[in-house]
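Two complexes come next, and they have one chain in common, subunit A, joined by subunit B in the first and subunit C in the second.
Presenting the complex of A and B:
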């Protein structure tokens, strides 16, 4: 019984960690800009493919450059970090192309939302043109030295899931510490709280916005690389599903709330894990039913604050 | 029209190759009267398949080969049926495909004929098996049809599954259903999902400590799964409608052409079926043309004549001799069971034929 419970908790935490990572990416941009960056799912895919290429993987026969690969292959941890950084830069590019022009014209948030969706679709299609539509698997040596699975208190979990959980936890802790303790982190929070006042206090809100996009993209890239090594890359659309789930977690936790994104991710993962095995096909339905129920009871999400309209 | 994009592209790659080789073969047979082939991407979903069929029909296609997935066929085939265009399915194995209408046929034998052979082989290898777990994709027509056949075969042998885990086509993380199944300590796991998910499922099953036998369905009948499940693919059992070892002139030709493109690799079943689908259309058109059956008739009449000719013919294909029942179901002579053998590096492998599991075809399936 305890074994089963522990297994369920581990299963839930492993999935929930990635959801939390994506939701944090959404949260960073939402808290500063007040809009959702729908391109995040595509950046998640990009992170996965970049990690694969940086590890020395080659483009398949159906890709735009068949057989092409980098002349070197980095070890997985290094490839993962570098891919996350490059995805962060790509996220800055999305900000420059899809957000800045509309922001300068004070466009409606809905328009910004649509351009981010468009940017995401373009990115996914570019990935498909370059890499082809087929799945890519990371080499089995990516996690050389680790056993296939570990047993914790009688529950069995794949080593890669433990790694995934550990990296997600480390990323979340590092981000939280940075936001709370560092000068730039507090500046970002100040811009999120009130951009006008922050600007009057001498904070460069544009720089903070760019920083939010950079970090948001890096988190998505990190998630993509981790998922890639865990379950391979089934195609350029891999990030879209995670992006949607992250969006649900964002709402569940409370829009713009960092602790909410973490709590929401874990709750969503656990909700999925609690679905009995025989009904596992209904996992998403149950998870979203929980989301629906929470929002009925707490429209601001688990840890979200009620927005006060300033007049 | 085959899947050149999306998850089913793993099959589409093989089908494209099979069709291309068949076309080259047909040009050597009849250089003066080649068929004009138009390749259209059917994606991996129903909407793209419908759009592709509509496009090709409107452009005046005489016959259609495709789509790749049964799920797509149930959506797109009724359009071809309504418009009176012959369809030859190269890889649809779900129950009920030819029954969509009299213009619909297939060269891919129905799961009910093939699937039980691999169960029989697993039980022959270990007659002590008592506990079987079944995993299938509940939102996919092929997977749901095939799992029922697997489950029926198991129940008939007194082995009702101890658990049936349902996953979804887009799933790739199977920790939850696998751990649920492994808690019941199965000795055999039977899987019906598509290739990408299947590759991941097998890998995760092995990583989570399952060491028993694995039987997989037709969805994993492509060497393109090897890069996904790598060394963990080794040992899985799969029933097949094609054997590279079939010693006939047409199969030797097919193999020779295949080796020219992919040296050192044996052809896959999917490629062989795609070759056969093109060959069937080509030979039926040739026979009609020889009799002058396509001269001076409208496109609709030509399509009608072609369908009748296609169903009436006997074909010596790389799959072996095949013909069709009056409603378009393929009747094939022999089927096989293979075991995946991965190379030491775990990046490539082969379907190794298990000779003593070779079985004659069952009678045409129930309707």
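Presenting the complex of A and C:
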């Protein structure tokens, strides 16, 4: 009994870690720009596909390119990191196309919502065009050398779930340390607090903004690669669902709060894991039902700051 | 290239665009339209396939009166749901409201997918047809659009519409002027839901099948794009946006798989090119002046 519960909780924490990554991706951009980058879900998909490709996985693109793949295959950790970095670069491209033109002319924030969604639509459909709509499972050799499962306190956990949890924890800790301790991390926080004052203090706020996008995309890409290896890539739309869940987590934790995003992600993953198997069809609604309840009871999120309405 | 079927789809797009526009006219960014559209469509699909009193024929025919009744019921059910949900969510502002309404859309989608009587992932199919051809749907779709347009046009001069515009410009100031902002926002939200519900009922018959995919996050995005690219300052904007953007993917069909990428590019780059949408207040003013001149100058 206890073993099953432990197993459930660890699985929940693992998927919660991925939700936290996505929510942190939103948070980084939101804290600097005050808007939500709706292309993040598509970047998540991109990260998954890039990891798959870099490992030498073959694609067929709806039968257009049967068995085509890169001539080399990187080991999983390397492929994952490289894919995350490339996704970060793609995120910079999203910033350049969807955010910069509107920011330059001080357009309504509402428009950025549309353009970032448009960027996501382009990305997902490009993936669909180039890689096909079919799903891909990572090669079984992806995690060669790791045992199938580990036994923890009597509970059998798939080792890929442990890996997931470990990578998410490492990414979250690295990001927090960077934000708190490093010069550039603090500069980013300063820009998030007050861009004008930060500029007066000699911080290049545009560079910080690009850095936020780069990191945000990299986090989403990391999430995509991890989900790809632990479950599979069911199609280019894989990231949209995670993007939406990340949004729920973002609000749950409080917009713009880093610890909130982490706590919210874990909470959401655990809550979903506790949904009994018979009701698994309703699991996807749980995140949004929680989100709904949180918005109504505490619109600033669990750990969010109250926004003062300026008159 | 544009056949009657596509024309009906375009009109449905225009109707949904107006439904997203209505709360926005009161300054509320709500993405709930797909949820209400799904509710109206599911109701019509269920009623017409399971309730013999409506008179669905064995050959798949359906009486016109029952069809019109379903449009009404779809609108009413969606409106009632909006009244219930609106009281809760309209306390939220800006992006919080948008996210809450996305949550509503997802909850409705998962519910339709999992309820025992809505047909699961396959959905409800073989929905009876009140008209023998797609052309038959043109008239009710046009009628619904004319009604919606008339309401929007009337709103511009009615106290309710003026109050909506005031809230859009400055909610705090509107409240100080003594406007019951909660009630005005709720009314706009319910109007939007009624329109979406009726449109869903019409679409369910037109499409012949109905499933949970009809109201998803993707559709919410597309509908918002109708309003933003068409222009959000007049109801004509979402109508134009809905017509154009529904036709675009179909007209691009010859280019194959690239079409959805191109569609995404339009949404990505459109707002930078037309930040106010295609139909801007300036354009409307110029059209209005043209109209006045035509009235003043006697026809020769």
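What to note about this one:
Rule of thumb we're sticking to: the second predicted complex is superposed on the first by the 300 of 311 C-alpha atoms of A that agree within 3 Å, B and C clash if a C-alpha of one lies under 4 Å from a C-alpha of the other, contacts with A are read in each partner's own complex, and residues count from 1 in each chain.
Just so it is clear, a contact is a pair of C-beta atoms (placed from the backbone, for glycine too) under 8 Å apart; a residue touches a chain by one contact, two chains touch by 3 or more.
Quick caveat: nothing in here was measured; it's all calculated off a predicted structure.
Applying the stated contact rule after C-alpha superposition, one finds that A:36 touches subunit C and leaves subunit B untouched. After overlaying the two complexes on the shared chain, residue contacts for A:284 are found with subunit B and with subunit C alike. Residue contacts after overlaying the shared chain place A:169 against neither subunit B nor subunit C. Once the two complexes are laid over each other on the shared chain, residue contacts for A:140 go to subunit B alone; subunit C is not touched.
Look at A:234: by the touch rule set out above, it reaches subunit B but stays clear of subunit C. Once the two complexes are laid over each other on the shared chain, residue contacts for A:74 go to neither subunit B nor subunit C.
When both complexes are overlaid on chain A, the residue A:82 reaches neither subunit B nor subunit C.
Within the superposed three-chain model, A:128 lies in touch with subunit B and with subunit C [touch as defined at top]. Contacts of A:101 after superposition: subunit C is touched, whereas subunit B is not reached. Note: residues 128, 281-282, 284 of subunit A belong to the subunit B contact set and to the subunit C contact set alike, using the contact criterion stated above. Interface residues of subunit B facing subunit A in the complex, by the touch rule stated above, are 4-7, 9-10, 13, 138-139, 163-168, 170, 172-173, 175-177, 179-183, 196-197, 199-200, 204, 206-209, 224, 227-231, 346-347. Residues 4, 7, 11, 14-15, 61-62, 128, 132-137, 139-140, 148-149, 155-161, 227, 230-232, 234-235, 237-238, 241, 272-273, 275-284 of subunit A are the ones touching subunit B in the complex. Taken together, the subunit A residues at the contact with subunit C in this complex read 35-36, 38, 97-98, 101-102, 105, 107-108, 110-111, 113-115, 117-126, 128-129, 240, 244, 247-248, 251, 255, 281-282, 284-285, 288-289, 291-292, 295-296, 299, 309, 311.
Per the touch definition, subunit C reaches subunit A in the complex via residues 29, 88-89, 91-92, 95-96, 98-100, 102-104, 106-107, 110-111, 113-114, 172, 217-218, 221, 224-225, 228-229, 257-258, 260-261, 263-272, 275.
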